[in-house]
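Here chain A shows up in two complexes: once beside chain B, once beside chain C.
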Partner chain A sequence: MIRASTIKTLKIDDRDFSARHDETILDVARQNGIFIPKICDLKGLSPVGACRLCLVEVKGSNRLLPACSTLVEEGMEVTTTTERLQRYRRNILELLFTERNHVCSVCVSNGHCELQTLAQKLDITHVHFRYRYPNLDVDASHDRFSVDHNRCILCSRCVRVCDEIEGAHTWDFMGRGIESLVITDLAEPWGTSETCTGCGKCVHVCPTGALFEKGKSVAEMLKRREFLPYLTQMREEHS
Partner chain B sequence: MSKLRLATVWLDGCSGCHMSFLDLDERLLAVAEKADLVYSPLVDQKEFPAGVDIALVEGAVSSEDDLHKIQVVRARTRILVSLGDCAVTANVPSMRNKFPLQMSLDRAYKENVTLDPGTPTQGVPALLEKVRPIHEVVPVDVFIPGCPPSADTIFYAVSELLEGRSPDLSPRTRFGA
Partner chain C sequence: MSPEELEQIAEAERERQAKFKHRIKVCMAAGCVSCQSEGVKAALDKEVAARQAAAGGGECDCEVKCVGCMGLCAGGPLVAVGDSALYQHVTPEDAPALVESVGGAPVSRLVCPTDVPFFQKQKKVVLENCGNIDPERIEDYIAAGGYTSLMQALGDMTPLQVISEITRSGLRGRGGAGYPTGLKWSTVSKAPGEKKYVVCNADEGDPGAFMDRSVLESDPHRVLEGMLIAAFAVGANEGYIYVRAEYPLAIKRLRIAIKQAERLGLLGNNICGSRMSFHLDLRLGAGAFVCGEETALLASIEGRRGIPRPRPPYPAMEGLFGQPTLINNVETFASIAPIIRHGGEWYAQIGTEKSKGTKVFALAGSVNNTGLVEVAMGTTLREMVYEIGGGMAEGRQFKAVQTGGPSGGCLPAQFLDMPVDYENLARAGSIMGSGGMIVMDDTACMVDVARFFMDFCMGESCGKCVPCRVGTYHMHGLLKKITQRRGSTADITQLEELSDLLKNTSLCGLGQSAPNPVLSTLRYFAEEYKAHVEEHRCPAGVCNSENGDDAANEPPNPDAPVAIDLGSGKGGDQ
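And now, the complex of A and B:
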C-alpha cells in the first residue's frame, strides 16, 4: 500500500533538506550523517524523548525540542550543535553517571556501551557532580539473563521492545523520578515471570550493561541490534 | 633549562596505573631528560617535597591517610593530574560506598575470618565512610580516565604537560579504557 505523503523542506545547521512529513528531525539528521547524540532512541522502536540528549534549537521556538520525537515542518530551521546544547548534553550524561553505580572497568559492556562511548564523544573526562552511590540490586533469577540496576539509565528501550516488538509487556517501570526502576511483571523476580518469553530482545537493545546474558565477563557482552528495523519493516509489510 | 619536578602518588588504587607508567619503557628516558622524579612509590623519598611541577596521582581517596596526602600534594603542586579511573571516578574502590563502612569492615575482618576476628586499628589509617574521586576533595587540573590509561596515553599527556601544553585526552582514552 502506498501511503500519501507530503514533502517538507527544512534547514538543519544551515543545510537544505527535504523529508517526508512523518519523519523526525533525528531521522533526517541520521540519513544525512549529522551527528545528534541520543541514548533512549533506537531505530525500530517508538520515540519517547526521555533522555533529552537529542535536544536541538528550532528557530521560533523558545524551548529546546527533542529531535527524536519532533516531526519536520515546512521552513523549519534547526541547529544541532551550539555551546549551550553541548553543555546541557554533557550535564545530562554526567548526571546519568552519578545517579547509579557505573563502574566501566568491571562492566560486561565495557568497550561496547553507548553511555561510555557517548561520554567520550562529548569530551567528558570526569564528572562535575557528586556521585550518589545508591544501593541497588542485581536480579539474577532468570536462567539466561540478569538485570543489574546499578547500570540502568531508565531509557525504556527494554520496556518498549518487549511491548512493541515481542508483544509480551513483561517490562515496565516502578516508582518515580530518581527512584524509578525497571521491573518484570508486578516487580517479581525475572526468573519467575509468567509473561517473559525468554526471547532476549530486551538484553540486546539495552544501551549499557544493565541487561546482560549470564556467563559473560568484563567487556564480553556484545549486543546485536540490527534485527530491530527488519522486524518492524517485515511486520508493516505483512499487516 | 632546569628540569621540571615530576611526582607520582599512589592512593587507593591497584598500582595498575603505575605499572602502565612503567610501561613507557625506553620513553622513561625521554621523560627523565625533561624532568626529575622527585617523589614516587618508585623512588626512595619519604616526604612529598615542595615546589612540584606535575603530580600524577593514582587512586581514589579512601582513608584518612589518602585525605591528608592529597591535601599536601595539592598544596605543593602546580599541576595535579588525576591518573586513571580510581582517581577520576573512584571506580572499583567506590563499590563499597553503597554499604555502610562498618558492614564492609565486618565482612572483611570478622565474617570471613577464623583467627582473631576484629577490625584492625593499629598501624593502618582509618577508612573514610565514602570513597571519593580526587576532584571531590581538592581541585584537579588534568583528568586522564582509563583503567589503566595506556602507556601511550600517559606518555602523550606527560609530554604535553612537560612542554607546557594542555593535553586533549578524550580522543585517546575513556572511562574503563
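And now, the complex of A and C:
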C-alpha cells in the first residue's frame, strides 16, 4: 500500500510533476520526456553519479546535484537546462573525448554509441582541450567478445551489471585517477577468466564500442538493454 | 572500574613518579625518532645505570622517560631535564653531560630557550599532555587526569547533556570543513538505526601536515576517551580508527592503548559498570588520499575500493554498513575530554566569534621554528610566522603561506594581519583544512607550487568522476607547460575554465577543492603567471625549461581546437 505521504510533488523546468518518494529526479524526467544527458546511469543498475553530465540546479541548494542519484523531495524546484549547465556538460564530454582514442568512423559502435549521440545532441564539433592519445591495449582473448580500452569511458556499467545482475563480479577497476582501467578478474586476459559466465550483459550495457561482440558488423552491433529493468523487477517479485 | 578505582590508579602512579627526584624526558614521536632519539634514550639509560652502579646501587632517583612530541621538531632530538631545561639537537654522546647536569647547572651549548614566543604564545588544550606523559603507559595518562571526563559523562550526565555541552563549546570539525561537532553528534544520536558506529578519521594525508600523527603518537588515550564519550552521546557500541599505514608508530601506540584500555574495562562490555558497551578496532589505510573523504573512508573500512559516493545520504543517516555513523577527525576527538572536564563555556571563551577553541598547526617551510604548535583561533598569520615561527629562515623575504594542503590556497603578505579562523581563510580563498601551514619565501615560484599540488591531486584522484579524473590531468599538463615556460595566455584562460568546472561538478571534496591552489595563486600572484607566459621567464628562478621538457612529445600546434570525428552515424539510444 502506498501512503499519500510517499507521493511528492515537484517542479521540473517550471512544470509540475508528482513522483514516488523513492524516485530520482532523472526517473521523473525520463517518464515525462524531459531530456537530461547522462552516460554512467542505466535503468536497472544502481546509480553511481560518476559522469556528472546529469547535474541539475535545485533551488535552495548551492551545489549542483546529480539527477541520477538525487531523490525527489516535496516542493523541489529543478532546472535541467541553463547556459551554465550546458557549458559544463559540453566540457565534460570534451574531457571524455580527450581521455582516450575515440574515432567514430572506424568504430564498431558508429551510429549506436551513446557518447557519439550526446556529442551530437550537445552540438560538439571541436574539442579545445589537448588530446592525450594514450597507448592502450585491446583484449581479444575471449571467444565471443573483445574489450578495446581505447574506447572505454570508465562509466562502470559493465562492472555493475556483472556484479549486481549476473552476480559474477568478473569486471572491476585497476589503478586510480587517469590511470584507471577496467579489468577482468585480477587483470588477467578475459578469455582465461574462470568467473566470466559469457553472458554478454557487459557488452550490451557498454555505452560505447569498448565492449563488443566479435564478428559483428557495425550495422549488426546493436546493443540491447531493455532486459535490465525487467530482470530486476522480476527478481524482486519472485524473492 | 569506578571513579574511585581510577583515582587509585592515578594515586599509585603519582606515588611511583614521586619516588624519582629527577626526570629526563626524551621525545619519542616520529620527528625525533627519525633523528635518532632512540639512541639518545639508550645512551641516557646506560649513563644513569652506570652512575647508579658507581654510587653503590640502591634506589635510583632519576627516571629516563619516553614522552610524545614536544613541538619544536626543527630542534630534534629534544630532551627535557627536570621541569625547566630543554635541550635540542642532542646526540648520544651528550648523555654524560646531560645526566651530570641533573639538579645542577644546565648544559649551555645544547639549551633550547623556552622563553621564546614559540613556547609562550601557544595555548595547549589538545596537546596538553604531549611531551609530558609516556604515550605507552595508560597509568601516566590517568595520573594526568585522563578518563575522568568519561567517568563524568557516564556517571553524572545524560547523552543529551553531553551533546549540549559540546554544542555550547562551539567546537567545529577539525578535519577541514569545520562542520559544527555538536550538530553532527545530535544528528547521529537522533538517526534511527539498530546499530551505530563511531569512526575516527586518522587518514591524514596533506603534504606537510602531521598534527594527527603527533597526537596519536604522543597521547593516544585522549583520542580513545573522546571516542568513548562520543559513543556514549550518540548511542554507538562499535567503533573504528581508520589510520594510514604510513604511520607505523601511531599504529603501534594505538594498539597498545586499546589493549590497555580493554584490560582496565574502559573498552568492552559494560564500561565502568554502566550499560554502555563499546568495542574499538583499527583499520589501516592502504595509501589513498581520497580515503580521507568520509564516504570513501567508509567504503574502505567495509573492505571495498575506497571511492566516494554521492551524498545524501550522509553517513550520519546511512554510513558504515548502512547504519548511522559518526565520523570525526583525530583532533576533534582529542578536544572532547577537556571540554567535558572544564565545560563548554570554558572552551567557547577561547578563539573568535565563529571559530572557538584552539587549533593545532603543523608549521613547515622556510621559518626558523618548524614544528607542531597549538594556538587559539584568531591568532594572526604574522604571529604564526614571525613570532611563533621565529621569522623567516636565513632572513629571507616572506612571500606566501599555504594553508589547507592540496585543497587550500596560497595567501600573500597582505593577509599577514588576518586572524586565522574558518571564515577568514575561506574569504581569502583558502581553507583551514586539517592544519598544515607551509611558509614560502621569495625563492618559491607560485606557479610551480600550484603545479606541485595539482600533481598531487592528479595522482590521488580516484578516477570515478570525469571532471576530477580528466580535469586534474589537463590542469596539471597546463601548469607543467607554463612552468616549462612554453605557456601562453590561452593556457591561463583554460586553467580558469577547468577550475570552474572542477569546483562545481566534481563528485567529492577532492575534485571540488583541487583547483584552490591554482585559483588562489592566479588571484594573488597573477604577475608571476604573466611573466611565465608572456616573457617566458620565472621571476623566482625556479622553473627551468631545460628540466624535463617534453615539448617533443606533443602534437603540432596543440592550442588549436581539434575537430572530432563523429562519423556519419545517426547515434544510438539515450
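Quick note on the criterion: the second predicted complex is superposed on the first by the 230 of 239 C-alpha atoms of A that agree within 3 Å, B and C clash if a C-alpha of one lies under 4 Å from a C-alpha of the other, contacts with A are read in each partner's own complex, and residues count from 1 in each chain.
The rule is simple: contacts are C-beta pairs under 8 Å (C-beta built on N, C-alpha and C of every residue); 3 or more make two chains touch, one makes a residue touch a chain.
All values reported here derive from a predicted model rather than from experimental measurement.
Undergrad: A:N101 in the overlay: touching chain B, chain C, both, or neither? Say first, second, both or neither.
TA: After superposition on chain A, A:N101 lies in contact with chain B alone.
Undergrad: Quick check on the superposed pair: does A:I7 touch chain B, chain C, both, or neither? Answer first, second, both or neither.
TA: A:I7: touches no partner chain.
Undergrad: Residues of chain A touched by chain B versus by chain C: which partner has the larger set?
TA: With both complexes superposed on chain A, more residues of chain A are touched by C.
Undergrad: After lining up the shared chain so the two structures overlap, which partner does A:H126 touch, if you call chain B first and chain C second: first, second, both or neither?
TA: Both: A:H126 reaches chain B and chain C.
Undergrad: Where does A:S180 make contact in the superposed view: on chain B (first), on chain C (second), on both, or on neither?
TA: Only chain C is touched by A:S180; chain B is not.
Undergrad: Tell me the contact category for A:R52 with respect to chain B and chain C: first, second, both or neither.
TA: The answer is second: A:R52 touches chain C but not chain B.
Undergrad: Go through the superposed model and pick first if A:L136 touches only chain B, second if only chain C, both, or neither.
TA: The first partner, chain B, only.
Undergrad: For A:N110, select first, second, both or neither according to whether it touches chain B, chain C, the two together, or no partner.
TA: After superposition on chain A, A:N110 lies in contact with both partners, chain B and chain C.
Undergrad: Between chain B and chain C, whom does A:M234 touch in the aligned arrangement: first, second, both, or neither?
TA: neither
Undergrad: Based on the A-chain superposition described above, do chain B and chain C contact any of the same residues on chain A, and if so which?
TA: Residues 97, 102-105, 107, 110-111, 113, 116-117, 119-120, 124-127, 130-131, 133 of chain A touch both chain B and chain C.
Undergrad: Show which residues of chain A lie in contact with chain B when the two form their complex.
TA: For chain A paired with chain B, touching residues are 97, 101-107, 110-111, 113, 116-117, 119-120, 123-127, 130-131, 133-136.
Undergrad: Note which residues of chain C are touching chain A in the complex, please.
TA: 288, 290, 305, 309-310, 312, 458-467, 469-474, 477, 494, 497-498, 501, 504-507, 554-555, 558, 561-574
Undergrad: Applying the document's contact rule, which stretches of chain B touch chain A when the two form their complex?
TA: Against chain A, the touching part of chain B is residues 82, 85, 88-92, 94-95, 97-99, 130, 133, 135-136, 140, 143-145, 147, 169-170, 174-176.
Undergrad: Tell me, which parts of chain A touch chain C in their complex?
TA: 35, 37, 47-53, 55, 63-64, 66, 69-71, 88, 91-92, 95-99, 102-105, 107, 109-114, 116-121, 124-133, 153-154, 156, 172-173, 175-180, 222-223
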